[in-house]
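What follows are several structures.
Shared between the two complexes below is subunit A, which pairs with subunit B and subunit C, respectively.
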Partner chain A sequence: MLTERKHTLILIILLVSLPVFALLHLNSGQIDLGIGTMIDSMFSFNNENMNEVIAREIRIPRMLTALLVGGSLSIGGLLMQTLFRNPLAGPYVLGINSGSSLFVAFTIMTGVTFFQSDLGMIINALIGAFLFGLLILFFAGMVRNQISLLLVGIMLGSFTSAFISILETMSHAEELKVYMLWSLGSLQKVEFHQLGIISLIVFLGLIGALLISKQLNLLVLGEREAKSLGLNIKRIRYLIIGITALLTGVITAFCGPIAFVGLAVPNMVRILFKTQHHIVLITASFLLGAIFVMSVDAILQLLESWMVIPINAITSIIGAPIVVIIVFRRLR
Partner chain B sequence: MRFYLLILLGFLLGCSSSKSSPENGEEIVSSEAPLAPIEIKYASHFKIDTAGNHYLLQIYDPNDGKLEKEIVIKQGHDYKFISLSATTNGMASILSQQSSIVGVSNHVELYDPTLIELYENNEIQEYGDKSSYSIEKIVNSEANLIIDSGFGQEFPGEAKLKKLGVEVIPLYDWRETHPLGKAEWIKVIGIITGKTNEAISFFQNVEKRYNEQIYRKHDDQSVSVLSGNLVGDIWYAPTGESYMGKLIKDAGGKYVYQSSTGSGSVSLTMEQVLRDNKQTDIWINPGFSEKNKILSINPHAKHLPCFKQVYCYSANMNKYWERSAAEPHLVLEDLIQIFHSNNLSESELNFYTEVD
Partner chain C sequence: MIEIDKLHIGYHSTILEVNRLDLKNGQLYILIGRNGSGKSTFLKSLGGEIPYLSGSARIEKKEISTISQSEIPFLLSTVRSSFNHIDYMSVYNYVAMGRSPYTNAFGKLREEDKSAIEKAITSVGIIHLKDRFTSELSDGERQLASIAKAIAQGTNVILLDEPTAYLDYLNRMNILNVLKNIAQDQNKCIVMSSHDIDIAIESNCEFLVVTKNQKIELFKELSKEGILELAFTS
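Right, the complex of A and B next:
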């Protein structure tokens, strides 16, 4: 009872913190726009006013993208960690992002117009993420050691890189450049009108994850135990892969691969909540993930007058040591 | 006695005929007056001195200005080189010395028709870039030089190559901030290919034409100009003191970041670029030749008023990279046309095209 109260309290703190961090993010850019400009840009937009253009087309979409990226990648990571019962699992480490990257590379470098539309990019990224999710699931059945599964993920990443290198040699210089720039990862390329489709897909993924939270609680007990309690293991595995592909694929399509968020945040959440109750873990992962990426990006914005740092540099600086710490704990 | 006199006469005649023989390069040099150092007016990262009857090429590190390398370029020696820089390909082509090139990094980057033909006839081989080349393949070739775009670090395997008789020359033309400094590197290719006088004379002509154009258009700075594009989240704009900054200024453009200093670029966010370019007229060098590609990497570009008038050199990138360094007057000519011509016809441009 006490734990439940504690969980509720932390969730409320996270929920209240979310708009606070969103406002901090909105005000951390190099140009002082003021809250009035932001409101005007939303409700009485004047495209002749450059400050309103900056607010509506860059600042606000960047904040909402950070929120959606953090939330969805964190849930994707949590689902992977539950499915493989491995705290080191995550869409980036296991190669799910690589699947999206491979298909997006194909999308960009083929030059086919449909593929290069928003819908084409999303479909391809989702297919790539789903197929690589199935592949990692297949390998998970063959290797028992948790570290070995990560090595398989790294190998999938290497395989993807090699395949993309071959695609690169055959592609036109400008298409190649588009792909290289996409692969750097960015929160700034999402446009205002694209936020609708991204939000919808993330919302569907979030609802999907919440709907299977009870099955996820059973899965934590181990497959044999879960089966004896009536859980359809095959079905839940496909559902997890499908939801993760949805959440990871849409983000990868629009923002490029964003490293380590999916790995680091669910581990932070587990440390914070010390529970296997997935409705709590999913909600907290979404909120903490959103706050985490918004904070990282706000810091980057504050540093911009001094130096411009790519988002992946910071998420990796934070995420990679977490992997190392967990590996050492496991090996001990 | 008469027999010995005849032999002596024959020997003397033989000597004199070999000295005047045009087929024997080394002997021609030895009969000429000693070489003089070559004057370098604009370039900062090399000097050409003499060492007896040979040239001494001195390359200076662009980062600290210290002497990085000295190479004796023997006159009359038949240098064959692997060119890992497009500028070298272009300069060798201008001097009609394509046959001195036995290797390039990638044939798809070639522009000069003779070089392409030589590649198709297997007289030029591909060697990849410096990170992936094969030492054995180089040693197995005729090459005794590798000319590479220097990046201030030792060429991988350089010590081994030197032992095997292959010298590496870093070409720092791309670090020169004056357009004529870049062009002056043709003198290096000139001494290597034995076309010193042709290279000097070509450069003098370029210098004359470049300077004539500056003075004609210099006063009119009514057109504001933006350059560069986003790489990831960072917009790299050349500084006012850089090669491109100088070209824009010499072409009579009012460059938005003209006051920025240094030889490289300034890093900006898209927000800063939008704020600084509310009134900018023309955008050059976006890195892409189609607007939809610009938008795919930088969707916010459409909010720049200058998105209506974008010019790039990337429609024919191979031509630009091969020829622009040696012929900056043609780049300047393009920019002057773009900035000041009311009825601009693309056929009048040498390197640039309008982005559609």
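Right, the complex of A and C next:
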């Protein structure tokens, strides 16, 4: 079939572009390092060579973080959009990130946590994301209108930030600073040794999403029709919320809340591919999301010598108009 | 094939009673009754969506209340009056969803699935639309696509809840003719609820009437006056 060949072709183009954009990102820093240094820093690391240290400690983690952030938030957004049959859904607008924020804020500012480690942060963010996902699922059952669901998500966000601001007034300056820096969103705080666990979780989420692609295709028809074709609606809902919590929770734990990536990328993918086949949508969202965040971050890196712009500023500048465009197209 | 015996349906208390009914393959049945008389509830009960209160209803000799959720799509397919808006899904891919109970974990279509899909789209007469997006179809064409999906599902029993509700006169006639032909040519047992009494009488279908005393009875032949008398006058 013609469309299938077209899809494969665009996917191959995205797949080939990924390393190209990765290299562009690696070379967009202020010091010119060269590919040789990058490779040496990975496979024969010499901690006295300053360039290799920069490559291993800063450049490579930042590039891989951008890749993972873009890929996993985009799949999270796609899953939310399919679950709620709403192109405007996404982990950020629905307040699923807020869940992570609340739990992370609580941990940072009160010091109460299950584990004092990376894992503790991840688990907190995951629990927060999962609980807020369930909450949104509950509200979605009550509101039929697509825009109303977003309002509920925004209210959930405001509600959470109110709690967080109470926490802020009660916490010490040092903890407050840690939280404020986290909440701005940044790709630069991930350290080399943390990449393993993040990649693993993102990989699990990606595989999980691909494994439920047939059920996602059915869900596009609407829940009643999907059910009459034998889909177990309850189970797939929990699976989707679980996988989304996994994908967005781990990213939020390390990078803070990153806005609009999950909303914008899947919509671009759908316009590009004009399909509802989720194997294609998931793969393409991962690749395009990774490319999108890497290119945004590469631009930020280039600008860094004269001004430091938080990543959220750029993703919002691009993402917010996309929301508005979709709303206009829907309500026209 | 559907067999019903002393069936009581409703959510909490009985709203409809069906004494004895044998619905055969090869026949189109039109379910007629007043608004709120329980036509949809009856169809949902047959579809396993609402548990019935007492009595027996069997599809292909299986008691509906004992059929698991995952087995339902192999025994019956359903068509609704409204059609969800879906972006970027071609008629072919939409009808292909009817094959999902048969395909593997990734939904890969085998040759037999593909031929079932082509055959279903052809039998409702919209093969020329197979590459169009469902969002670009007219209401009548969409409903035909829904019916094709139900046919592709390959079940003997097809239940349709007011499939002509939003259609104009010509489309209503067309849908009824298509369903009648499919029932005969493909030996299916089709039950469709409708308010189109005139069209139904013209096309010589059998009638299931929700009578004034809240029972469903089968009539092989009915006049308009007969239907009005049975179901609508108080």
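Things to note:
Note that the second predicted complex is superposed on the first by the 327 of 332 C-alpha atoms of A that agree within 3 Å, B and C clash if a C-alpha of one lies under 4 Å from a C-alpha of the other, contacts with A are read in each partner's own complex, and residues count from 1 in each chain.
Just so it is clear, contacts are C-beta pairs under 8 Å (C-beta built on N, C-alpha and C of every residue); 3 or more make two chains touch, one makes a residue touch a chain.
What you are looking at is a predicted structure, and each value in this text was computed from that prediction instead of being measured.
When the two structures are aligned on the shared chain, A:Val53 is found in touch with subunit B, with no touch to subunit C.
When the two structures are aligned on the shared chain, A:Ser228 is found in touch with subunit C, with no touch to subunit B.
After overlaying the two complexes on the shared chain, residue contacts for A:Leu131 are found with neither subunit B nor subunit C.
Taking subunit B and subunit C in turn and counting the residues of subunit A each one touches, the greater count comes from B. In the superposed pair of complexes, A:Leu204 makes contact with neither subunit B nor subunit C. Look at A:Lys189: by the touch rule set out above, it reaches subunit B but stays clear of subunit C. Only residues 29-31, 47, 50-51, 53-54, 57-59, 108, 116, 173-175, 177-178, 181-182, 184-189, 191, 304, 307-308, 310-311 of subunit A touch subunit B when the two sit together in their complex. Remark: subunit B residues 230-234, 267-272, 274-275, 278, 287-290, 293, 296-300, 303, 314, 317 touch subunit A in the complex. By the touch criterion given at the top, residues 47, 49, 69-73, 77-78, 80, 84, 86-90, 93-94, 97-98, 100-101, 103, 105-107, 133, 153 of subunit C touch subunit A in their complex. Residues 3, 85, 87, 211, 213-214, 217-218, 220-222, 224-225, 227-230, 232, 270, 273-277, 279 of subunit A are the ones that touch subunit C when the two sit in their complex.
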